[in-house]
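The following blocks contain the structures, represented as structure tokens.
Two complexes, one shared chain (chain A), two partners (chain B, chain C).
Showing the complex of A and B:
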């Protein structure tokens, strides 16, 4: 009963929030005018010259990423791209970034290395000057790769993998270079006098960087609870999107966030999702500092150290997610959307409603297709990945129809009757779907959308569907659908869908004529 | 147990429908045009406005005829476009088969907008020239010309000089 009341109230709150502020100028942080000062409690290792790098936790799954060769190569190439750009910046070659350096990086992205490349070999000057930063980056990148390795490792159950991911987080967090897993206020972290300099002056290279971050964030829902045999086929779609579009986008409002690109993973492992977002924000801060010609070399060194300090786990020791009392819009603001603990506070956010670049204002507690609150517990619904975004939806019908009204290939990941068998559907340009589960059958008895998670479901076998129908006799006259029959249906955008009309908080001014939505 | 579940579902439905009814009524099928990113214009009792492109199992809505023809290059397969006409519920059906477009005999097209915000009203299909003339007269459209589909497609694919 509590769930029902919460369900209704959430819907009312979401809609109320969406409309109360319609057309208003979003509140956001103003850019600060003074450079941040050096904190008194900065860790000693930040001033130590030693090359005391850390390495992988010994494990049998290490390098399992290579089971998805195209993905592995693209991931290895991201490190090369970062290193080349940093080397150019610290060698006083910033003027080449958008031309010669861009072309060089782009060549590597098109011809990615087959194994990880030591960034120190590509950016020796950067390493010499900013070795302490490289330790933080390296350690977080190790967590990136090892979490991916766990998911790509065959022979373990999903439960075993999830436990190992938790152990990896503990292993990571115990070290001094660890970035906090607390949600951070992204608006605050992007409010310094140097902030946004890099994306403004070097949009093409910044586009590449944010393209890498897209790849590094989108892959987690591609892997999480997905059988190893069904991972590479998804990368055919995502990898093509990465190379054709995501790397070259220069119109993103903000860097891609983990909870935007991999909402299921971010919900399950919020600390890791937050750590990666904080890592990516540190990248942005460093880019901005290094690209700021007014800063002296000493100031750059100092500001990079302060930027590292801001996101270190040690800086936030004893603090808790969600805590912001009296600390809103500061370094210690750890608010997150109520339904998404794996996401820091964004510019203009109100509870679960946030601006998603390319999608507009979205409510993370509601289905992206029908605007009805997401079901609690199982079945959890589905995600749809298309045109570079990944969205949570309530049911299979919402997933199919949302993909069906979006140009291009799409991926649906959905719950089935068996909590241990995730359905992965991949569509071609014409909306023809292939399934990872042979003999998958669907129930779809079109009715009121608030109940769609009851009447639109997938079953791994006909027997499982028949059992569900026996338990729910209201569906006794509903014909089970094959994949082809189900795919041919389309109920278009439901009447319950409500677009949230508010201006883009990243582009102040009157509301855009398109309302800023999807 | 089933009765409780059934009551629970009904209450949930009631709560959500209640919540939705508190909100000012928004049009159904809200969304943005994949090409111009402006809002789709909803059908009304008097006039259809949604341009629907069908390709296999995809059903993609556009804001106007201009947008759908301008965006056709992204689709490789055969297409069917349901272009709203002067008659509610009776679209002009265009087909692209093997890359070649066909339109119903007698169908004509209007394409005279200067700002994209006006595209849904001024880039449209009509079942006949008489219907286009009546629409132009009713809406006092200046300089309107009835285009065949070939002329329309040719005009659309020329470099655009539109105000945003």
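Showing the complex of A and C:
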């Protein structure tokens, strides 16, 4: 009888939770009505009593993040938010989240600490209850910081850094707390009876969380293959955006994804990009579980363990990216956009087409400006960061014109003739560009967009441009452009651009007036 | 004796990343450990200067250097040496080389305290030293309220070759307290305090009771500065008291 009553209560709780946010059901998976059950192969360490603190990989690059002081401090402050919110939730202070707790977190974000903080010390009550979860978070955060340190380290070539990033991944993956580097179905991971509870009930604090997830994801393209001397100047733009806007957005459709914010890095290191997205999804799951008053303490403990289990590397051992045969919309659905292995499957996705919050439907295989497929191999084109998003484009012309259509400051990162010299252009509010390469010269002979990656290029020297022209005589009458001359050009939105008209899969109602595109 | 060992097993010593102001270690700057080892694969150097004053003789100075290594999860080993200089005797002493082993048995889970133990062996490398100095310390750490913590350390000390008039075994206990200073606006310093009772080594002498107060402050991601003062409050049966002890230290992990 006792068992029957317990089962009945559990089922009623689950159904109650599932109905809680039925208004969010749109394209994609339907919210599940039953709480997930404890798997039989849950790892033993989840119930082990040891503290199990792990030290980071010893290396000379450690703490190189401090070479970009503003960025380092903002990153250190991100350790405070979840810790304070979790502490409030487990101490029965959920009613303070949007007021007192928000103010406490916000104060720290506005006055960031000069050194990393011990999250466990800020949330001691949470740690005593969910110490096993802290092991997963701590280990993934260590990977976060060390990968950043590698890129911020001035002593190595890009190739050395990339090899070390791969070694860091192996170092990370060797521990049982490692999160899988496989792409996961984000729609599935956000479909449990408790899902979306936190972002719905506590939009301001959730905005802060997703705001610093934005920071934690946007920084990789700021650093990847960018000379160390050119990293801090980009953070002047990104940091301002972070503090003025991103932290306080409450209208995001979904958490920021690595491949949305740092597409070049996500393409090069898909395991790490996926692991960070899976980590952030685990954060969201835990937020939702802890914020769900209908769950008992024991149910919360069990659901947090199940949420950890879902994203552990050990749970997906032997599985491969892209594999979904017969497992679509399940835990073992590892589909990704074909052109972006560092991105899990999103709500409403179709091959390379996915909804990007703030941008609408985008085709990840195509230039965001001219809609023509991205070129294979090098040069890889450019990225544009503006208004909080980062997009890949085919050529410098697309980058400049796309940035020109966007209010506010922008950053362009573009390939040059020298694969070891990345061009970083930063604009002010009026669209005046500065370059990290003195004497940069541009070739631009406006023609058909499908060939734009051939006729719109940057060269580190005039001699390099002349050599390119000598090898490609069709440009022999094209005048080399200085930065000022190049920046003055604008060809507006190309006629090849194709807007994808589909409704927002995350929000009910008709498509927005812009058709869901940018 | 059996009871003493059980007590020691319940309460032996200390910590999490050594160079973390939240992780309390004996000597840095007070006498107690918390129940967490340094992190797996962490290496740490700890340097300390001490000034001890006495009622019946001049001050002595110590300079301790310790190396720690987290060789496994929740376990570390350490090697330390503390040369001292005694002003009344006008001579220095290299001191004993101490080798330590720490084992963190469990973290605090709900209301059950974190438990650990440590074993230290002092090799007779110092002037006039004989035999081995052994110390078994049991450690428990438990939260008190939200951020405050109490730490109970129980010690059983043993010398394999005690001198004339010296105990072979002595016992001691330390009740420590730690709390972060500055929350929720700053996260880089911890206030520590302790109350300790230690049996005198000399036969016929009683216990010495003392209190201490200190601060641990993070000065870089890898380094912690600490400072503390200790004073012996009482002694029984003529045991020697130290009215004032100053300890200053610097710990760095890598």
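A few points about this structure:
To be clear about the criterion, the second predicted complex is superposed on the first by the 489 of 518 C-alpha atoms of A that agree within 3 Å, B and C clash if a C-alpha of one lies under 4 Å from a C-alpha of the other, contacts with A are read in each partner's own complex, and residues count from 1 in each chain.
Just so it is clear, a residue touches a chain if its C-beta (ideal position, glycine included) is under 8 Å from a C-beta of that chain, and two chains touch if they have at least 3 such contacts.
Just so you know, these numbers come straight off a predicted model, no measurement behind them.
Of the two partner chains placed around the shared chain by superposition, chain B is the only one that A:499 touches, whereas chain C remains out of contact. Contacts of A:405 after superposition: chain B is touched, whereas chain C is not reached. Within the superposed three-chain model, A:52 lies in touch with chain C and out of touch with chain B [touch as defined at top].
After overlaying the two complexes on the shared chain, residue contacts for A:450 are found with chain B alone; chain C is out of touch. For chain A, the partner touching the most residues, choosing from chain B and chain C, is B. Once the two complexes are laid over each other on the shared chain, residue contacts for A:279 go to neither chain B nor chain C.
In the superposition on chain A, A:186 makes contact with neither chain B nor chain C.
Once the two complexes are overlaid on the shared chain, A:490 sits against chain B while remaining clear of chain C. Using the contact criterion defined above for the overlaid structures, shared-chain residue A:133 touches neither chain B nor chain C, since it reaches no partner. Of the two partner chains placed by superposition, only chain C is touched by A:118; chain B is not. Common to the chain B and chain C contact sets on chain A is no residue at all. Of all residues in chain C, those touching chain A in their complex are 16-17, 20, 22, 36-43, 70, 73-74, 104-111, 114, 143, 146-147, 180, 183-188, 218, 220-222, 253-254.
Across the complex, chain B meets chain A through its residues 2, 8-9, 11-20, 22-24, 26, 28-32, 34, 37-39, 55-61, 71, 74-77, 117. Partner chain B is touched in their complex by these residues of chain A: 1, 4-5, 7-9, 11-12, 15-16, 19, 372-373, 404-408, 427-433, 448, 450-451, 454, 471-472, 487-488, 490, 492-499, 513-515, 517-518.
By the touch rule above, chain A contacts chain C in their complex via residues 49-55, 58, 62-63, 66, 80, 84, 87, 91, 104, 107-108, 111, 113-118, 121-122, 124-125, 127-129, 131.
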